[in-house]
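Please find one structure pasted underneath; my questions will follow.
Chain nomenclature is as follows: A, B, C, D and E, assigned in order of appearance, with residue numbering initiated at 1 for each chain independently.
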Amino acid sequence: MAEKLLEIKNLKTSFRIKDDYFAAVDDVSLNVNKNEVLAIVGESGCGKSALAFSIMGLHTRAKMEGDILYKGENIVGISASKLNKLRGKHMGMIFQDPLTALNPLMIIGDQIGEALLLHNKELSKTQRKEKVINLLNKVGIPRAEYVYEQFPHELSGGMRQRVVIATAIANEPEILIADEPTTALDVTIQSQILDLIKDLKEDMNSGIVLITHDLGVVAEMADRVAVMYAGEIVEIAEVTTLFEEPLHPYTRSLFNSVPNASEEQDRLHVIQGIVPSLQNLPRNGCRFAPRIPWIDGSAHEAHPQLHEIKPGHFVRCTCYKHFHFPEEVRKEEEHHGVS
Amino acid sequence: MWKFSVRRILIMIPQLFVLSLLIFVLAKMMPGDALSGQIDPNIDPERIEELRIEMGWYDPWHEQYASWVGGVMKGDFGMSFRFKMPVTELIGQRIVNSFWLSVATLILTYLIAIPLGITSGRYNDTFRDQLITGYSYVGFATPLFIFALVMLWIFGFQLQWFPTSGSVEPGMQPGTFDYFMSKFYHLLLPALSMALITTFSTILYLRNEIIDTKQKDFILLARSKGASESRVYNQHIFRNSLLPIAAFFGFEITGLIGGSIFIENIFGYPGMGQLLIESISLRDFSVVTATTLLFGVASILGALISDIILSLVDPRIRIK
Amino acid sequence: MSKSLKWLFALMLAMLLVLAACGNDTAGDDDKKDDPKTDQEDPKDDGEKEDGEEPAEDDGLYSIDDFPREKTNEGEAIEGGRLNFGLVSDTVFEGTLNYNFYSGAPDAEVIAWFDESMLYTDGNFTFTNDGPAEFTTEPYETDEYPNGVTFTFTIKDNVNWHDGEPVKAEDWAYSFEVIGHPDYTGVRYGADFSNIVGMDEYNAGEADTISGIEIVDEKTLKITYKESQPSLLTGGVWSYAMPKHIFKDIPVAKMQESDAVRKNPIGMGPFKVKSITPGESVVYEKFEDYWRGEPKLDEVVLKVISPKTVVQALETGEVDMVDEFPSDQFVDNADMSNVEWLGNTDLSYSYIGFKLGNWDAEQKKVVMDPEKKMADVNLRRAMWYAVDNNAVGEKFYNGLRWNATTLIIPPFADYHNADIETPTYNPEEAKKILDDAGYVDVDGDGIREDKDGEELVINFASMSGSDVAEPLAQYYIQSWEAVGLKVELIDGRLLEFNAFYDRVGQNGEDDPNIDIYAGAWGTGTDVNPYGLYGADQMFNFPRYESEKNTELLLAGNSTDAFDVAYRQEVYKEWQELMVEDIPVFPTLYRALLMPVNKRVQNYSLEYGSTMGRHEIAVTQEEPFKH
Amino acid sequence: MEANTTNVEIKTKEVIKSPSGFSVVGRELIKDKLALISLIFLIGITAFVYGTALFLDQDEIVRVDLFSIYEPPGEEFILGTDYGGRDVFGQLIIGTRNSLSIAILVTLMTGIIGILYGLISGYFGGHVDNIMMRILDFFLILPFTMIVIAFVAIVPKYGVWTFSLIMTAFLWMQIARLVRSKALAEKELDYIQAARTLGTTNFKIMFRHLLPNVSSIIIVTMTLNLAANIGLESGLSFLGFGFPESTPSLGTLLSYARNPQTLEYRWWIWVPASLMILLLMLAVNNVGTALRRAVDARQRRG
Amino acid sequence: MGFLKVEDLKVHFPIKGGLFGRTLDYVRAVDGVSFTLEKGKTYGLVGESGSGKSTTGRAIIGLNHVTSGKVYFEDKEITGETKAKSDFRKDIQMIFQDPYSSLNPKKRVIDLVAEPIRNFEKLTRKEERIRVQELLELVGLNPESILKYPHEFSGGQRQRIGIARAIALKPKLIIADEPVSALDVSVQAQVLNFMKEIQDELDLTYLFISHDLGVIKHMCDHIGIMYKGRYVEEGSAKEIFENPQHIYTKRLVAAIPDIDPRKREEMKQFRAEVNTEYEQSYNDYFNEEGLAYGLKPISDTHLVALPEKG
C-alpha cells in the first residue's frame, strides 16, 4: 500500500504586499506517497510553484501556516539547521530553468559535489568525485569525466537540466520536487528528461511532486494529479480518472482548450476572463465562479469544500454538477471574452 | 584571451598616437615655455633665446612632434628641461611612488569596501545597511581634497600618528627593511584618505550586486541542496557578486590617477600626479607629454586588466 | 655666513617655484631671502602713522623693524646635534645640485648647505676677503680694452673639497671653462662672462682656452675683464668653483645630468651630502675639515615641506627652521611659543608698470610710442596718487609689506634714496591732475573720458598665484575707479604667470592690449638696475627709454662709479627721474620672515653677516614644541 | 459625442494609474521621508538662492573692502568676510546659484550629447557602434587635468559657458555608455523589431520608442550626475582652475580652505560652502535614489 | 507563381575573432530554405530551438539581413528591401512571441495600434481614433481602453493588441512567430481561435512559426520542418503527422506527449523504437556535418530531405 512520505495539511503560504498578507497557497492538503508521481497542474499564478517552494522551505519572506509532515514530522517552522539536514538529503528539487539554476562560476563537479559534501562529510575528495561521476552517468551525461570539469555555460540546455537533476538526486532523496522541469526545453529533450525522471523514480523508489502546466506531461508522467486554481486545489484524482472523467469546470475547460496533436478541433475552448492576480483573488465562495458566469450562482457552494466523489477523486465545489460548456448552448459566446 | 589582449593593445596604439598629438598641440598653444620661469634681470635674455633655439622651440611644431615621436619610438622621451635629466629616469623615480600609493589605496579601498558592501547587501534594509549606505552617500558628497586636508590635520598634526610629507624618512638606505617600512608608513595616510572617499561606489555597487544575486535561481538550488545560509553566502553569493568588483579593478586605476593629483599635492607626496601638474605649470613639456601618455596607457591598461581579470575569473567569458 | 649668491632669480611674484597650479597660497611671495646687509629703513613708520592710537601689534600690524635679524640666544649649546631644516615649496627640488647648473631656487637652498662661494660679501653686497679666497685688482689697459681690470685671486690654504682634495685655482678656472663652453646647457652664461677677455672666442668654439683666465699657480688665479664695472664686485665675478678632478672626464653637455651633479655632489661647504631622496630630502653630515673650523652640528636634515603644512611642522618641532616663511601665515602664528621670529627686508619690490612703447626685435631695443594710451605722464602720476599702498600693506599684509618709494630698495643702503618725495595716496590730487590734463568726465557717467573725449578703458594685466592677488587687483581697480578711471582686468581674469610674461613681453612680443600691469622684481644683490630699465633690455617691460635714463644707468656702472659718492649721486638722480617719468611706480616692499626653533643658536638673516652655517648649534637634543 | 466624454474620463483616470506618470515617483517620495525632506530642501534652497540672488548685487558683494577683512560672523556680516573684506553670506548665495546653474547646465549638456551618442551607437550597432565606441574610449583616456589646464591657459575668456563646455567634453561618456548599453539591449526586444516591421523609420524608432524606454534610467543617472557635478567644480577650483573670485561659486569659497590659516582659523569662509555642497549633494542623491527605486518598481512591471 | 515565394534563402551570421576581428566563420542560421505560400492558407514552420525557423521569418520581413537567396512577394522581389516605407511593409506584418516585450511599455494602446497607420496613412486624430477603436473591437477588446498602457492588460489581451496592430494596415500576409508560446493554455486557446477567425474575415495568409506541434497541427495547412537551418521535410499537415518520412520528423512527432495516460507504455515503447531508428539511420539522413540533404519530392505536396542516392 501507499506509504505516505509527505503529508501537507491545510497549508497556507502568504506573501506580504504593501501592508497585507495574501495567500498564494490557500488551505492546501495533499499527500505524496512512496514511488509515486503526484502532478500539480495549473496555469501561471495558480500557486503551484509557491506550493513547491513551501515544501522545500525556500520562501524567505513568506508567512506559512498549516503543517507539512515529512514522515510524520512537521517541517513548517523548524530551525534552519534542521531544515538544511532535510533539504538535499531527503528532499531534492529540480528547477524550471536550467540556465539560471546553476552557479555560472562553479564547475559542474563541484556543484553536484556540494550536495554530497553537505550531507556526507565522511566522503573523501576522490570518493566524492567518483560518486559525482557516477551520478553524471546515471542522468545520462556522456563523457562524465570531462563534463565534471566544465562550467554550466558549456553545456546545452538538456545537459544542464540533467546536471540539475543529478544535484537533486545526489543523496537519493525520498521526495523529489520538480518545478516545471521541461518547460524550457525542446520537445525531444523533454521526452528524454521525462523518461529519465521516471527511471530515477523507479530506481530510488521516491515520491515525486511534478509541477507543470502541460497536460501532455501529466498524462505521460503522473500517477495522481492535483489541479490547482487560484491557490486552491480544485480536483485530485488518479491520472486515468482525471483524464477520462474530469469533473471540475476548471479541469474540463483546461482539457478543452489544449490543441491536441491527435485529434482535429476547429475551435478550442476559451476560459472567459483572466486569471486573477494574488491581490484580487476572490476569497469567498467558488473562486472559479466569475469565469463561468453562465452557470447559475446557486450552483456554487458558499464555502466550497473538496468532495470525495469516488475513492481518491476529490472535487471542490458543487458547481461541477451543473457545469456545461457554453458552446453547447451558444457558439458565439467566446467572442466576448474580455473584461 | 591572448589574442584579445594583443588586439586591444593594437587598438590602443592609434589612440595613443592621437592623444600624443593632441597633447603636443595643446602644449604648443599654451603661453610660455620652460624658460618663462627663468626671467631674471641677471640672466641674459640672449642666453634664454639661445637655449630656446637649442631646444628647438622655434621649429615648426610638426617637426618637433616628429622628432619627439621618433625619440619615443626608440624609448627616448627626451630630457626634462626643469630637472635636467632624461624624462624616462625622472618618471622612473616618481612612478614607483605613485604605483605603491595606488596599490595601497586599492588594497585599503577593498579592505574597507568589501566587508561593508557585503554586510550592507546581505542585511539590506536593516539598520546596519542604512548606516553603511549613509556613510557611502556622505562619502560621495565629500570633496576629496577637503577630506584629505582634514585627515592630514587630525592624524598628521594633531595626533601626529603619521608623517605629513614626503615618501620616505630622510636618510633611509634604499633596499633596507626600514626603508620599506618608512615608505609604507608615509603612504598610509594619503592612501587611507583616498580610499575612504573612493570606497563608496564600490560599497554601493557590491551591495546592489549581492541583492541581485540573492534572488538568482542557483541560490535557491544551493539552498535546496541543504546549504546553510553562511555557505550560501560564502560559496555562492559573494563569489558571484565580487566578480564585477574584480572587473571594476582596472577602471579604478583611472579614478586613482585623478585622485592622486589632489592627494599627492596635499600630502607633499612626490608622485606622477604632482609631477604632471608642476610640469604643466612650468611648461616642462617633454615631461607633460610623457606623463599624460603614461596616464593614457594606464587607463587603457586598466580597462584591459579589467577585461582580463573578468575573463580569468568568469568562465563564461574565458572561453571566447 | 655668507652665501653670497647672486640671487637673481626673478622672484617675480611668485611663481617660479610655486605653482600657480597647485594653488599654493603663499605663492605670491616666495622669493628668496638672502644675504647680508643691513638696512635701517624707515618703512615701518608708515605703518605707525596709519591709525596711530595703538601699538602696532595690538591692532594686528607688524613692522619689519620689530624683528631681530640674528638668533644668538641664551643657553648652552650641546655637542653635535641634528638640525631639521624645512625647504618650503609646493614642488620638489629639481636636484641639479651644482651652482653652475641649477636653475630653481629650491636647489640653491640645497646646495647652500654643502657648497659655498669663493668670495664672501659684506652688507653692501660687495666682495670681501673673508671668504675662501682673497682678491686684489689692478687696471688692465690695452688699446682694445682701455678700461679693463685684472682680478688676482688667492685661495686660502686650508680650503678643501669634501673628498679631501684641496680647492685649486684650476677648479675655479674650470667653472668658467664649463659655463663658457659651447656645449654648456645651463643658464649662467651672460654678459658677466663675455666681459672676460677671450671668453667670446672660447664660447664660439674658436679658442681652446680663455685667454683672460690664467692659472698662476695651484692656488692663484688671474681673470681679466674687458670693462671695469662696480657690478663686478657685487656678484659680477663668478665665484663658484667646480671640482675639476671629478668633472674632467664628463662631457660638458652631459654634466647637468651626471651623478656628480645629481646623486653624489661634493662641495667645500660646512656639511657633506650623506644621502639624497630625490626631490624630497637630503641628509648632510658635518665636514670636519671645513676651512673655517669643524661645524658644531653633527647632522642636518633638509626636507621639502608644503607651505600648507609649514606651521604645523614648526609647531611640532618637525623642522627647526625653514628657508622662508609664507608671510601671510605669520599673523595667525605670531604667538608660536617654540620659535623665535627673525626678519629682514626682502630684496624685491612690486610695482605697477605702464606700457609706453614696443620692443624692436631687429635692433634689440625699446621704441617708445607717444600714441600709447598711457603716454601722458599726468595720467600715470594720477594713478600713482590714487592708490593707497599703506592701506594695502596693512590690511592685506598686516604691515609685513609697506609702501614702496623708489626702485632702488632699502637694503641697498648706500644707494636707496630715503628722502625722496614720491606721490602717496591722495585721491583729490589725482583728480586734480586728471582734470588739469584733460581727462574729464564728458558724458557724466562718473567715468573720465580721454583728452579727446573718447571712452577711456585701461586694460590691466595682473598675475594669479597668490591668495590675495585677486582682491589686490580688485582693490587697485576700485581705487582708480574712485578717481574716475575705468580699469578692467584683461580677459576679465588674472593671468597665469606664463601667460602673463608672454603677454607682458618676455619674448619681445608685447600684447598691444595691455596698458598697465602689476609686476614684481627680485633685484638680486647688484644694485645696478640696468637689466630692468636699460633701453636695450628685453626685461624693460614698460618699453621706456630716455636719453637721461640711459646716461644715468650707464654712469652708475662705469669705472667712475667705483667712487661710492659719485655712484650715490647718479642713482639718486635716476630714482628722481623715475618719479618724474613714471614708467613704473613701485608699490610695496616686502618683509622676509624666518621662524627659528628656540633651541637653535647662531643663525643670522643679516645681509653680509659673517656668521657661517658651521656655527649653527642647538641647545638640546629635541626641538621645542608649541 | 458620448464616446468623447468617456474618453476624457478614461484619460484622467488612466493618467493617475499610468506607471510612467509622476504618481509612482510621488508615492515613492512620500514613502521615503528622507527623500521627501531632501526634495523640499532642494526646492527651498533653489527658490531661495535664485530668488535672493535677484536682489543681490554681485558687483557689490565682490567689492574689496580693506576695512572689513576677515570679519568673523556678526551682525553686519552674517557669515563674516573673506580676505578681501567681502561678505561671505552674499557670496554663498550667489555662489550656490552659480554652482547650481553650472551643475544643471553641465548635466543637461552631457545628457543631451550622451543620449544622442549612445542612442545612435546602440541602435545602429555593428560598425557604427564600433567606431563610435573607439572614439568614446579615446575620450576616456584624455587626461582631464592636463586639458583643463591647457584650456584655461589658451581660452582668453574663461567663463560659465567655456567652463561648462570643458566639463561636458569630459563627462558625456558615462551617459553615452549607459544609453548605448541600454539601447543595445532594448533594441533586441520585440517592440523595436515590431516597430521596424510596421514601417517606422529609424529616427522615429530611436526617439519615440527607444528613448522613452531608457528615459527612466537616464533621469536617475542625470540626477545622480547633478550631484557629482556640484562637487566637480569645487575640485577644479582647488587646483586653481575654477572661476575668478569675481564670479563666486561654492568652489571658490571652498578653495579658500587651501590656505591652512583659513582652514584652521576662519571656518566661516569655507565651512558654510562645504556644508552647502554636502547638503546639496546628499539631497540630490536621496532624491535620485528614490527615483531609482520608483523606476525599479516599474521595471518589475507593476 | 506564388503568393510568397522563398528561394534558397540563406542567413549567415559572421563569427568574428582573431587579431583583427576578421570573420572566421559563419553561423549558418538559415542555410538554403525554399518554400512557397499559398494565399489564404496557413503555413507552419516547425523546428526546435536553433533550427532557424524564426530567423527565416524575420529574414522574410527584413529584420535579418539576407545573405543570399531571394524572397518574392506577389511576384515582386522584396529581398533586402530596407526602406521603412516600402509597400511590402504594409502587406506583410508580424506577430511576435512575447506579448510583453513586443509592445512598447511606454505607449498607450492608441499609439501602439496607430503606429503603422501613422507611418503609411495620413489620418486626422479623430479618424485615427475611430479606426483604432474599430480594430480593437475587431480583436475583441474594449474600444474604450485606447488610453491604457500595455501592462494593464493580460497576456492574451496584449497579444490581441499586437494582432490589432498587425492587421491595422490590412496586410495580406502575417508572419506569426511563436504567437502563443508565452501564453497559458487557456489564453493560448483564445488567441488561436481568434487568429483563425480573422483569417477568414480578412483573407489573411499566415506564416506560422512554432515549436509546438500541437498548435501547428491545429492551425496549419502546410508544414515545413526545419533542422539546423535546413528543411528536412515539407508537406500537408496530414502528411507530416500521419506519414512522416524523415527520421527527424518521426522523432519529433513521437516526442509529443500523448494526452491519454493509458497509452503511456505504448508511447514509451514507440519512442524508444523511433530513437533507435534515429540513431541507426542517422547517417542515412544527414551528411557528414550533420546537416540535412536537399528536398526530394515523394508526392505532389510532400518533400523530404534525402541524400542523392535516394
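Definition applied: a contact is a pair of C-beta atoms (placed from the backbone, for glycine too) under 8 Å apart; a residue touches a chain by one contact, two chains touch by 3 or more.
Values in this document were obtained by computation on a predicted structure and should not be read as measured data.
With steps allowed only between chains in touch, the distance from chain A over to chain B comes to 1. Per-pair counts of C-beta contacts peak for the chains B-C.
The most centrally placed chain, judged by C-alpha centroids, is B. In this assembly, the C-alpha centroid of chain B lies 39 Å from the C-alpha centroid of chain C. Chain centres here are Cα averages; for chain D and chain E they lie 48 Å apart. If you average the CA atoms of chain A and of chain D, the two centres end up 51 Å from each other.
Averaging C-alpha coordinates per chain places the centre of chain A 31 Å away from that of chain E. Along chain D, residues 149, 153, 238-239, 258, 264 each make contact with two or more other chains.
In chain E, no residue touches at least two other chains. Across the assembly, chain C contributes residues 20-22, 308-309, 312, 496, 498-499 that each touch 2 or more other chains.
Contact residues of chain A toward chain B in the complex are 53, 56, 58, 80-81, 83-89, 91-93, 95, 97, 100-107, 114-115, 118-119, 151, 153-154, 164, 167-168, 170. Across the complex, chain C meets chain B through its residues 6, 8-10, 12, 15-16, 19-22, 90-92, 94-96, 101, 103-104, 185, 187-191, 235, 256-257, 261-262, 274-275, 277-283, 301-306, 308-309, 312-313, 315-316, 318, 496-499, 501-503, 506, 521-524, 526, 529, 531-532, 537-539.
Note for the complex: chain D touches chain C at residues 62-64, 66-67, 69, 82-86, 149, 152-153, 156-159, 238-241, 244-246, 255, 258-261, 264-265.
On the side of chain E, the complex with chain D involves touching residues 58, 61-63, 84-86, 89-90, 92-94, 96-98, 100-108, 115-116, 119-120, 133, 144-149, 151-152, 162, 165.
The part of chain E that touches chain A in the complex is made up of residues 48-49, 140-142, 154, 156-157, 184-190, 192-193, 196, 211-215, 217-219, 241, 251-262, 264, 267-268, 271.
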